[in-house]
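Structures incoming, each one as structure tokens.
Both of the next two complexes hold subunit A, though its partner changes from subunit B to subunit C.
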Partner chain A sequence: MTTEQPIIETKEATIQFNDLIAVDGVNFTMKEGEAIGVIGPNGAGKTSFFNLLTGLFFPTGGKIFFSGKDITTVPPHKRVAMGIVRTFQLVSVFDSLPVVDNLILSTNRISPDHESRGAFFFGDAHRQNKVEQCMDALKLMGIENKAHLMTSELSYGDKRKLELAVALSLNPKILLLDEPFAGLSDMEIGEVSQIIREVKKKFSFVIIEHKISHIIDLVQRLCVMHEGKLIAEGPPAEVLCNAIVREVYWGKEEGLTCSV
Partner chain B sequence: MDIFKTGAGRNLLDLAIIAAGFLVLLPVLGINRTTDFIIFCVFVLGFNLLYGFMGRLSFGHMLYLGTGAYAVTLFSEHVSQNPLLAIMAGIAAGALIGVIIGPIIVRTTGACFALINLAFDQVGYFLVLVAFSKYTGGEDGMSVYFSKMGVIDFGQKPIMFGFALLCLILTYYLLKKFTTSPYGILIKSIKENETRVKFLGYNTFIYKWITFIISTSVAAFAGALSILNYGYVTPSFIDPSRAVEVIFAALIGGSGSLYGAIIGGVIYMAISNYLASYISRWEMFLGIALLICVFRFRSGIWGFVAGKLKIREAA
Partner chain C sequence: MINTIAYGLTIGGILYIISIGLSLTFGTMRIVNFAHGLIYTIGAYFLITLLPIARDNFILGAVLAVLAVVPISYIIERFVVRKLYGVSIDYAIIATYAVVLIGVDLIKWIWGASPIPLSDPVGIDVAFLGITLPLYRLIIILLAVVIFIGLSIFFKKTMVGKIVTAALEDKDAVRSLGINVDKYFAYIFVMGSSLAALGGVLYAPITSVHPYMGSMVLLLSFAVVLVGGLGNIKGTFVAAFALGMVMSVTGRLWGPAAETMVFVVMGIVLIFKPIEV
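== the complex of A and B ==
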């Protein structure tokens, strides 16, 4: 295999809900180590596209490959084991658990280099070394002092950070972030994007975001979706000058100009 | 007191508190009733693992209790009258039914989950009452005989009481281990958001199935103990209409805690045993007690007390 093998690739990926085609014949490839931003208006099919990549839904047409392997109908938990990790548009952490417990499952997965079956079922979830692993993940996000609060007591921004901590502790090969900045204050957006900048060298990642300015210096490539179709892709500067893109997407965000 | 701060110490303390609690009840309730209460608490613990911890409410748990009861009966009738072996057979039968019907049941959630359990229970009730009445004694039920094991004779009430208490403590201890392990966090996470758990890399189906099997096995254990205690089996042990008993007990106690399950079991049994002898339509008062729990003590009686005393259970 060559190094040019895409880490993830879709061929004519399509998903149809009743009459609505949410993702329409998308051909997408991504090289290892790449950072890609996905933009597009509400309802364009961005989240649905993530759902196909991660296996929440299986496509009604087309194929999906991970490192050359056909994963079109591989269930989500197996994709996570392969290294495909995601976050959700609506923040999804476990409100009924203490903050630190949100990380126990991602740091305790049963596998040769993680945990034996016996320890998973009978071992104390809060053994010292386990909790330390969880604390390290929280430290990275700067919320380790909240480890013993109930998750429901966290602010929205801290929940976002916790969700990112969980995703990172799953050792992603490719990380898919669905609007991680939604609902955050400008200061929090700064903090979170700084963290992403620091860790992103370790894996490939795709980020969905509404405001292009938030991601323009995080990603090397932009993909624009509109009505289920991938209508443009390329380096951010080029995409911003694309006439079709400007038509469907522009006028909505101030201060972004085509600088060619 | 430092020993009680360590995990093992905490566990020992819990076990001692449970044993002491039932020893205190012993002179109040008498030995027969206390033994009944203890066995019922084992049943509530099994039910509550599925409901309180994993968020799956079953309307058909009498099936699993009844499976244990009838397995013990048939085992003693046809294989051996050794009581310990018979109980093992009861638990194994409970596990087996969980293994077989679990894959169908755990695919569902919510009302569908509740009702599919009930449907299976109705099938089981019919089989016991009609189809296999030749082996089960049908409506009349049948006597079950156990041999003595040396000096241990379960026909003697103090021995039966001690054994039941031991079994409750053992069940509590095992479930405590399960619910404070990463697996325990997993099933609580499934209760809150199963989809999310899949995206943490877990095949939730398998874990729901395992939880179901543990729950049916513990329920069958309680059924087996009941027969050991009574020496008689009747279809009431598998009667679908009795499903509410264990549900009420779990709700009264507080659904997501092991202590709560035991307290709920005792309170339910106290209401149903004593109110019934004073008031003929005692179920109304049970209903009122339940309404109070649902609206006033949302996390059950134990949840309320623990909250007041700031006890945060690890489980």
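== the complex of A and C ==
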């Protein structure tokens, strides 16, 4: 079973918007079960890179492979069905729906066998079996008692947890988290990283973060992006001692120490 | 006065039925769809053609006319509108306006340019509170309310409704749930177009049917959509009846200002509640 086939791989992945090259010839490989952190200053192209992996943008150059299959032009919803799931930097739950409905939408792609597609899509969305599935996901995050509130009434931290619950319920093979700690209090950061620690054994994941200290003990490998390019990668301790990385990050984060 | 109110409600009802589709396409897809007015016009012309086939049974003729519009609106969605998702809004205006120009010329080619009158299909007046009103107008008002309730339930209860509600907030987030958003946009587009056609069918006996009947209605519908809020089912309903009332009251005081007043109200609303496109 242990093939060396990378779960995700990009070859010279590039995206250019007019004069701006947001992602510039990135070669990235990730083995199954790996946990990778992507760091870099604002505007380094981290989120654009996620958008390429998830298909929200198609690259203007290069190729993207998932389990050896070329997915460069596969639309986003099909990539989710393959198991590429993401969260967003700006929390992306739906304020105008009840909390539980956010999860009901994510059960959409698993249309149950015992009802026709028409009944599934045009029938009552709140059927018991669906709601039960969703409650399990909410329990994992400890927000099951808020299931029937409107999403807009949730605190920012709870929205983050809901977003994570939605992502997990999509059965990811690879989970892409875009700054999951942004805007959270220290206590909430602790809770969310605990949840990530618990679930991360089940699949591969990539996490974008500004603050290296938040992810240093969650990931096995760090990738550093700067001006659209992947400038360094390797085990965290090694990457943090890299001279170029230190230059890019110099003075930007307290406590960024090189232990070698 | 009661007559003025009844007239305002009729206009409001028609405006609601037409505007809701425009509001949903504008709200979800950020597409300014000029072809919406053309669909309204085509609905009315189909009614004229299909009435004799339906042996002058208005309800049957109306249903057939609306059904006949479905493939046409699907073609417009599939080959024009779908190419406009995510591109700048001006392309949508130009492309759908081109569809209108082609469509209007086709209508003139098939049915001719002169107005075709149509008589009141019910032909019964009801008297209450000392005034008489055509029953047909009351039916229109009632139908608008029924459609509003039906759509509200649809959007609250069904999966498709929830997908569209979510897409109104954030399309990319819906895509990231593994949902093919464009497919549901197509459903919504066809549904909205069918309602526009129904609006044309219902209004045909009140006005006369001519190739340009859609243009003023389209502008009024845009006013309704902007006042009611993009993609806002309830807001569109309230705005349609409010602006219908503005039209009828202004029309009673000074006829030529009736339609202008609608846009004045729209302007005032936009000053206090600007929209982001």
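The definition used in the following text is that the second predicted complex is superposed on the first by the 246 of 260 C-alpha atoms of A that agree within 3 Å, B and C clash if a C-alpha of one lies under 4 Å from a C-alpha of the other, contacts with A are read in each partner's own complex, and residues count from 1 in each chain.
In this section, a residue touches a chain if its C-beta (ideal position, glycine included) is under 8 Å from a C-beta of that chain, and two chains touch if they have at least 3 such contacts.
Fair warning: this is a prediction, and the values are worked out from it, not measured in the lab.
Once both complexes are superposed on subunit A, the partners subunit B and subunit C clash.
When the shared chain is aligned, no partner comes close enough to touch A:20: not subunit B, not subunit C. In the superposed pair of complexes, A:94 makes contact with subunit B and with subunit C alike. Once chain A of one complex is fitted onto chain A of the other, the partner contacts of A:237 are absent, as it touches neither subunit B nor subunit C. The clash between subunit B and subunit C in the overlaid arrangement falls on one stretch of those listed (8-16, 152-160 or 206-214), that is 206-214. 54, 56, 75-78, 80-81, 85-86, 88, 92, 94-97, 101, 104-106, 108-109, 120-126, 166, 170 are the residues of subunit A that lie in the contact sets of both subunit B and subunit C, per the superposition on chain A. Residues 157-163, 165-166, 168-170, 172-181 of subunit C touch subunit A in their complex.
Looking at the complex, you find that subunit A touches subunit C at residues 54, 56, 75-78, 80-81, 85-86, 88, 92-97, 101-102, 104-106, 108-109, 120-126, 166, 170.
Interface residues of subunit A facing subunit B in the complex, by the touch rule stated above, are 54, 56, 75-78, 80-81, 85-86, 88, 92, 94-97, 101, 104-106, 108-109, 115, 119-126, 130, 166, 170. Residues 7, 177-178, 180-186, 188-189, 191-193, 195-204, 314 of subunit B are the ones touching subunit A in the complex.
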